[in-house]
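Shared between the two complexes below is chain A, which pairs with chain B and chain C, respectively.
Right, the complex of A and B next:
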């Protein structure tokens, strides 16, 4: 067990307002050094709230209800905020979807990277700026001395995301949480950034939690995948195993509803869509959360909630069909 | 549609279409968003347009229905010169050509009920009495998979997928012949996206619609389109029937674009296109793609390649295209 960089145990994150929105409902996962764990899910699956919970960034009225987030054995869920601030950006870093909104528009990008090591490593101003230029070179930005003096709006979307990656890696963190890091990018730029992330990870041995709605992105970067639905992990498997033999009807439906790029479309031109929509997280049905959209639903699904059960080596699913 | 008649009937003929933003000689310069596009769109087909940010696909779409006034060129819709119509005639013509927008959140007025939003089209064109309008709204809502009682609700009471269905109902209200859909399913989750794509296919069969479907998603474009145009820096660089384009792309940009899509099944190491798309404010000389092209030669930096029919129905703008016989494999 000592090999895990991160272990999440029974994590619950709720938003308490007029109703209780159960965004994350009991998640268990773990990541080893150098590994990428992909988290796949659609809007409302709880994947981004889970990422925010790991960074302890869930906004009020939301909060971690219960559970543990063990980073190197230390439970982040219970740390005082002051101690958490020393960990964020240092031992655990985050890369967001839209670099334009997560970079400060009025500070030069070199200074933004430098700030990280001045804060966490106590570098001098000069040292920190040299380091920032070195990081820009590492993420393959041409002419890093000049780019370091530029503001975020002077960079292209792809370059801004490279800056975010440089910032994330600045303190050589144990874990990077990347929330839809390439979703806002064009497909040729996405390919560049995904390659950069894989290369940098191989070089540094950082563990990565990669959150995405795109099954293709997961297939090309992750070693293991957790599929989320309505605040829970419904399937958990090695990436090849998951694509070869998905067990949960939601995973199967999700894969089938993606239009195929490498095959002619079906004669009927109809996609096997999943009917209906995700249930509201403040009024979940009794039993399985996927019951109303599931083609295989039977009596038991409507009365009792399935558990995430291990079916074969490293492959678990939350479904009564496979009980 | 899959079975095209032997002699496809042109619905929309576009020649030399340009849209330049900005004043020539001004400090900011001129952005050539669309820089000379020729294409004919046939009745009953779905023409897909694909390309990355800034390639001009959305500006092109807006120009062909005159939501944006083109700088120059010709657009002929069913024999009518679209760009020469005065306002009343244009209003009449708009009944026949409708638009579906990307963002169902910002294209519906949040303070008006769905029934009012859809019935606006009837009011503008002075069609039907109040009773008939309500019946027509109810029937349109059912056509797109919603319920008649939804007419009394406001946009915020619907999910993203439902809002896009409302956008479709509004586009269909006046029985158009042409529907231009600009990234109409891009904001939706895949399970909902599949539902909306199925609806669009069903409606095309039922109502004999012609679609111009714009998307950056190469899977969606393959699924929905009969023919596909690939745009780069304001120009059409390749145009072909759907399976021909995906199986044997002639343009090196198309090939790189297809390879760039992340996928679960990949046989070989992909080549990754380097660099960014150049600014349309200051496009490269010669072929606009030469700065990123793996097959670049001297000539490409000097001469803009003509858009020519290299194979039957397969057009490409490239001095040194892929050999169509070699069957360039993408994955």
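Right, the complex of A and C next:
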């Protein structure tokens, strides 16, 4: 792809408490306009921290340690806070995992959407509310005039996630960061929300960073995938390429019990368990972070850390087996 | 449910409470030995015919339930009886002193809420920081000090030794100020009692605000608010505080009784001519009608206070209005 709208270069995000937790350790990513990049990885692999770092929202004692986040060539990591605020919710928006708790319980749904365009577009109260109703209609909520006046507790989980999507797309952002947007929903609702997101994306041309546990979701929506393990990208490839020929033993492990994309999926599509656990991020071993769980581990893996290396067109992996 | 309907329902709940309080005081007085006629004729005794006439005049020859019914009606129309000690209607005595007490109570309540919430938010923003620790020590200290001792220490230091503030009463009678000068004079007299009561109540409000704000600041909707690009101030006030204040409002409502108790103590220490002082004096002179009136009046005050709390809560939290 030619024009990247977002490039992440060597991003590190640490939490400096009693120990230093290296949640994100040198991530490189890029996203083209209108594209969906999937991020998969087990719990604790640093997906959410990376997403928050891209919006500069990691709260103390955490913070971006080094690296660049280039949005249209502008490095967000170095931007003054006031300039960064003008970008949040405007050029980059975020959709969170828990629709039940992501909306403020004491503010009307319409006002919560309106707030974004009042802030970034300078709309009047009236204009902003009309706009919010329009957005609710776009995310296919029935009777949007009435819903806009309701409070979050009057809406179902699926509807609330639609509201979150409306809120995220309000300013027509260049990039949407969706952190497990369907994980908390029923399976049938999941499919509806996912379809809505894909449709909205096609309509607006927004790029999307889609974080998920669910390889099925990635297969359906993403063009490219980054597999994360212990704060790093261990494999990075086009979606078909990755499913056809996973290079990293971790990716292979993730896919082992997942059926082919064209076969009907079983009930649970969550990542299958790989024996062992993610190493503690404040005391990583020397060498490869996956060494203790890897079925193909050999001497070199315990001595030095492999780099993310390009193997063929657009397919890279971080593994000594493919050196 | 509309707010008006909600309020009507609450008033409907409050009325039996008030009637209950009136019945209770009636029963208590009936249980005490002797009756008002004995009190009027004194030790000497009197002609049984006179006694019977007095009893009939006062309705004491009627069955108890008739007397109770009449008493409740009488009180509900605002007639709290007659003080023989002051030879004046009890309600007049109370209303005469009410403004002085309200002035003190409202000032200290407003001040302790403003300062307490502000300190609580400061604490909650960085729990465990040296600022938080300093505020915690301060509020624990003021919480532990009894108000009568604090009052006397203030009198001793700021009043007696330093001569900064008057230590007794509400106005300077000798100067006999009027108009604007009178207002300044009263404000000047208010400084010490208001300080004493504010310090006492502020601690509780600070601790509650801190605890509830720490919880609220960890909620998803606060992250969402930040991701919208709002300033930290807007996130705190518009999104976090409205939720964080809910438990604070509840507890202030519940603490209304001890607020009144604190007022009695403070007014006594500073010779403030309010209801607390009136109650204290009524105990000294065994002015039973006045004490009974005060009891019912304070019950009404607490019930009204709770009503205001409920209304405030419903205004802040839409979920309450529907349950």
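What we mean here is this: the second predicted complex is superposed on the first by the 304 of 323 C-alpha atoms of A that agree within 3 Å, B and C clash if a C-alpha of one lies under 4 Å from a C-alpha of the other, contacts with A are read in each partner's own complex, and residues count from 1 in each chain.
Everything below uses one rule, namely that a residue touches a chain if its C-beta (ideal position, glycine included) is under 8 Å from a C-beta of that chain, and two chains touch if they have at least 3 such contacts.
Small disclaimer: the values here were computed from a predicted structure and weren't measured.
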So, does A:102 touch the first partner chain B, the second partner chain C, both, or neither? second
When the two structures are overlaid on chain A, which partner does A:253 contact: first (chain B), second (chain C), both, or neither? first
In this superposed model, does chain C or chain B come into contact with more residues of chain A? B
Once chain A of both complexes is superposed, is A:30 in touch with chain B (first), chain C (second), both, or neither? neither
Would you sort A:68 into first (chain B), second (chain C), both or neither based on which partner it touches? neither
Classify the contacts of A:57 with the two partner chains as first (chain B alone), second (chain C alone), both, or neither. second
If you stack the two complexes on chain A, which partner ends up touching A:42: first (chain B), second (chain C), both, or neither? first
So in the complex, the part of chain B that touches chain A is made up of which residues? 2, 52-53, 159-161, 189-195, 197-198, 201, 216-220, 222-224, 242-243, 246, 256-266, 270, 272-274, 276-277, 330-331
Across the complex, what residues on chain A touch chain B? 42-43, 156-159, 186-192, 194-195, 213-217, 219-221, 243, 253-254, 257-262, 264-265, 267, 269-275, 277
Under the definition above, what is the set of chain A residues touching chain C in their complex? 55, 57, 60, 85-90, 93-94, 96, 98, 101-107, 115-116, 119-120, 151, 153-154, 164, 167
Chain A-touching residues of chain C, taken from the complex the two chains share: 126, 219-221, 223-231, 238-239, 242-243, 316-319, 322
